[in-house]
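The first chain written gets the first letter, and so on, giving A, B, C, D, E and F; residue counts start at 1 in each chain.
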Amino acid sequence: MRPSGRQLDQMRSISIETGVMRHAEGSCLIKMGDTHVLCSATIEDKAPSFLKNTGLGWVTAEYGMLPRATNSRTRREAAVGKQGGRTQEIQRLIGRSLRAGVDRSALGERQIVVDCDVLQADGGTRCASITGGWVALRLAINRLLKAGTITSDPIIDHVAAVSCGVYAGQPLLDLDYPEDSVAGTDGNFVMTGRGRLIEVQMSAEGASFSREEMLQLLDLAEIGSGLLVSAQKAAVE
Amino acid sequence: MRPSGRQLDQMRSISIETGVMRHAEGSCLIKMGDTHVLCSATIEDKAPSFLKNTGLGWVTAEYGMLPRATNSRTRREAAVGKQGGRTQEIQRLIGRSLRAGVDRSALGERQIVVDCDVLQADGGTRCASITGGWVALRLAINRLLKAGTITSDPIIDHVAAVSCGVYAGQPLLDLDYPEDSVAGTDGNFVMTGRGRLIEVQMSAEGASFSREEMLQLLDLAEIGSGLLVSAQKAAVE
Amino acid sequence: MRPSGRQLDQMRSISIETGVMRHAEGSCLIKMGDTHVLCSATIEDKAPSFLKNTGLGWVTAEYGMLPRATNSRTRREAAVGKQGGRTQEIQRLIGRSLRAGVDRSALGERQIVVDCDVLQADGGTRCASITGGWVALRLAINRLLKAGTITSDPIIDHVAAVSCGVYAGQPLLDLDYPEDSVAGTDGNFVMTGRGRLIEVQMSAEGASFSREEMLQLLDLAEIGSGLLVSAQKAAVE
Amino acid sequence: MRPSGRQLDQMRSISIETGVMRHAEGSCLIKMGDTHVLCSATIEDKAPSFLKNTGLGWVTAEYGMLPRATNSRTRREAAVGKQGGRTQEIQRLIGRSLRAGVDRSALGERQIVVDCDVLQADGGTRCASITGGWVALRLAINRLLKAGTITSDPIIDHVAAVSCGVYAGQPLLDLDYPEDSVAGTDGNFVMTGRGRLIEVQMSAEGASFSREEMLQLLDLAEIGSGLLVSAQKAAVE
Amino acid sequence: MRPSGRQLDQMRSISIETGVMRHAEGSCLIKMGDTHVLCSATIEDKAPSFLKNTGLGWVTAEYGMLPRATNSRTRREAAVGKQGGRTQEIQRLIGRSLRAGVDRSALGERQIVVDCDVLQADGGTRCASITGGWVALRLAINRLLKAGTITSDPIIDHVAAVSCGVYAGQPLLDLDYPEDSVAGTDGNFVMTGRGRLIEVQMSAEGASFSREEMLQLLDLAEIGSGLLVSAQKAAVE
Amino acid sequence: MRPSGRQLDQMRSISIETGVMRHAEGSCLIKMGDTHVLCSATIEDKAPSFLKNTGLGWVTAEYGMLPRATNSRTRREAAVGKQGGRTQEIQRLIGRSLRAGVDRSALGERQIVVDCDVLQADGGTRCASITGGWVALRLAINRLLKAGTITSDPIIDHVAAVSCGVYAGQPLLDLDYPEDSVAGTDGNFVMTGRGRLIEVQMSAEGASFSREEMLQLLDLAEIGSGLLVSAQKAAVE
């Protein structure tokens, strides 16, 4: 029924391997089926200048994709000379989502940069980046806590993301690339461990959708988000 | 109660003046209160190369803001040497939204470029750009129809957009800048003339929101969208 | 006789509307016939670093043109990734011209940035930018004087500019685009309120001109400049 | 009296050595006192695309300055990543001036690129570039004529340029850098061999000038231009 | 004795895992100790335009490093807006080295792009890229042979690379980062499976070296290269 | 036998003219046959920031080529908007080579920038740049010593460079462009006045070479380097 053969509300297999980059303060390789993203968190002692003397920290993200992560080779953005609109949109989303789960006052005037690099793409790379980016962030903050650099945990809650879409009139959870490319409507849902929403982005490509379809996708996203948060918990323990 | 003194579900005054750019195939100056956006539509005889021999047309958008449209001067992107992430995100949204209201087969292999330039900003510039951009697009397509270049109207429906947000625990319609800058959660809703959804983008800055709050904002968006579509109708007649 | 039907020494209608950008310290929309330029002046508390500890201020200008200000759409410079040679040449001219009318010592160590954005073009955009830019500058400086930030008026004199050209062997005042595009010789004359010269730029495209023709154009420029200065006076009062 | 000790109407020594770049179709090293510019002309078989099927050719110019041509080192534009506004303004002027001396129909659909690279600067580099650039152009066209590629000489007249300025109330011919940097008003005059004008650019830095001063500078320019044209004649024979 | 505790002529452990990127025509993850490089080969049906109608193919390479591959985070080149000099130097070396092992006539008019992305760096990334890049290239060409697209094997020989250096007066094989950063002289040796040289790059940082030292390093490189070629053979079988 | 008619071990004529750029602290025009490079050295009072408070100085280099230095015109890198990979590779090599001959502690916390601009190219431009760059550097340092700014000479030894290659099975010294473009293997050798090596870069284009060929080229390089150092000595006295 689905191109992937999965049930409508069935996630792809989730794997999160931590500590995969020896230099980073926190890192993981997250695999959502054939979508593989390497995430690292870097602690910088200085916050951006607009936060000077505010006592607040910052979390930001950068996103990249290896040229041959995709079916046909994509030009390397460093060679093109700029990050494309899609890349910028995604990295802004990742940063905003992760910040929503952090008490920036408890973090203090420092910055954590989360890098999400897609090694292999099969749909849902921005969602995998948020989910894996949170794990890298959690591990980096653990290190700050363990070293006594900060004393109160700035992490408020888990942050995880999943995509859903309408395919042949049916709502599907966790789209892979073949599903995503034909779905008339799809959405990305970023949620907390307690099931609240941080970001909702729904789009109709050449179509439109109703309030009911929106709620059906949200129902699926809640299922997926719960599973992702469980995987995050297992990974960071 | 609201910083603007408006009712929770009260829009700012809407003004759409058409035909303001003599060279453009379609144009308007849309004013949503103190947010003023100049929109033009340019017809190009060639579609982008990825559409060659498909019989399909394309609608795309570019967005800009005059340096002193804002309270403090913003650096001119042409001088900086690139469009920022925010600009790219917005112009991708405008293009996607307008395309959702167009039958690209009826348009034929040509491209319409919609330019939205913010002359003065007071919140909601991307929504005003979509609403005004649709008017410019409608007028340009009218010209194609009148000239007999195309015979079937590619416009499927009106497309209009409005922002809503949660301010001090209350849902507000059509945020201006002072409201937007303190709202914990806000969203942009792009809707058709028949009240269906094209794009929903909701974000929590440093917070989270519930399904109920999402629906409250959607209720407001439906009110606002109806008024915007009426203003579009009045403008293009 | 002239493509525009005007007399040889007849200016287009001049309109200068002030206070059109609520955020700017000074602003105006200048219309020279179908050429419309939005001008704003921004006061910055810091002078450029090369003036540090000199007690002198600076006036600079930036120029832009909306993509569809022209008959066929021009690529957006922010999207191209740089300002073209023509843009840079024009904004350097505007800045130089306005500085010539300012006592930089009376201005003190601050900078005023004048932005000139062409909303619609029909020839003479650089001249309209100078004339309108002076009005925006005048209004911004009025604000500094009124606030007591400076006590002596740094404005030495009015600065206004007009183009003239030789068309079919006849000298013409205030060229519009159809006239400009066929004129063999044309020039831009920047003058003060007292009728002295600040900048003269004359060019022959594929031809050459004599000392006599130069003086004929200068005669016309003096007429035009007088009318522009009157319009400036009316606007700022 | 003049910082250089020269008479008011005295040019610097002029030297034009031809054939200095073995690969170029035409080349010269022009020295105006301590200002040294290496000029080359390259013939390209194709005209720019906007001239396709018009039968017209094109002459264009590029200008550069070695980093240590100046008293303190200037950053290399290739390293900065773009040509500055001054560079673009100058190379546009050189191209426009040389084109005014060429019958583009006799040249046929080809392009000649004139490169002017300043090896050492002491004021007047744009004028030296025009004067030397014309020599390189003349030599390249001679080669086309000799080879029979074109049969009618596209060169209409000599093109040469000189700067003049007002220094301590006195009009000076051919400013060197110390004179140029203090002159209140200065101008660049591009003239033909027959003494007609091609381009006049006069500027007042922080001052203004009268019609009489303009004519005094023009008188001097005529003297200088005559000498430059003689030097060109001697060089190309 | 060595910071790494290895023997002077001892390589780090070598691991080459193939088929790690499902979309690429050939791929491997090569690990030289803690240096990990992901290599892919992409077959493109068109050769670069300078080879049109020559019957010859091309092999080129691009190199990148994840921001946190290194001990402190490096700025992402895509965000900086250009590839640095080091990156360009390395990717030119990789391309040149791989081409030296390919019969471009047997490859035919197509291009193979080898991407080498450093996931983790501990010295010797350019050498690992060459050694692993060859494996990816070999696998991609195998696919062309298997599909019958080409009939004669364009691979002439193995190509592998290793670095050597002089540390405390002793020649060392296969430098890791702590060794590399203090070595007075170091070199990269690219060799074929038959032990011939393709590229030698030796540098003295703040010192100089003798012919004898050069030969000692070459002796070590021959040992290393032999082991690398064996690892390549094991990997591609 | 050689395309140039020279003996296998015969250098081109060497000419080094000093003091050719009046503004530079040190300068020379080096001619190796038809390869002409203008070299200047600029003393800057500040070292790069990574050397702050180390007491060490820095020597760096930039390289450029005039557009028509070559047989067909090359695009100006400033117009393209970036320095190509070849340029960056060369200027890194020049800087590294010159630094190897300098005691950076004796130089103190200042920087010397060596600019090498190719006026005419006929092969071997990077080697000529190193040899001539050293002369400019020597002259600039002489000035520091003479002024008493530094008291101990930071120059450790001469640094000169020459290319060698294998052509039709024969080793050749000092390749010109026609020889270089057909040589199967070529190398650049940077050596000190005492005959020690600083940098060796050997490459096989589409072939490979043996240890014996490497040593033959090195033998030739020693001959060439000796002559170049003699020419340097003559020039700086």
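A few remarks follow.
As a working rule, a contact is a pair of C-beta atoms (placed from the backbone, for glycine too) under 8 Å apart; a residue touches a chain by one contact, two chains touch by 3 or more.
Note that the structure is predicted; figures quoted are calculated from it, not measured.
Within the contact network of the assembly, the step distance from subunit E to subunit F comes to 1.
Least step count on the touch graph, subunit D to subunit E: 2. Chain centres computed from CA atoms place E at the largest separation from subunit C.
Relative to subunit A, the chain whose mean Cα position lies farthest away is D.
One simple way to say how far apart two chains are is to compare their mean CA positions; for subunit A and subunit E this gives 33 Å.
Centre-to-centre separation of subunit A and subunit D, using mean CA positions: 59 Å.
In terms of their C-alpha centroids, the spacing between subunit A and subunit C amounts to 50 Å. Centroids of subunit C and subunit D (each the mean of its C-alpha atoms) stand 27 Å apart.
Across the assembly, subunit C contributes 81-83 as residues in contact with two or more other chains.
The ring of chains, read from subunit A with the first step to subunit E, runs A, E, F, D, C, B. Residues 21-24, 27, 34, 38, 40, 42, 44, 62, 64, 66-73, 76-83, 87, 113, 115, 117, 119-120 of subunit D are the ones that touch subunit F when the two sit in their complex.
Put simply, subunit F touches subunit E in their complex at residues 82, 84-86, 88-89, 91-92, 96, 99-100, 104, 157, 187, 192, 196-211, 214-215, 218.
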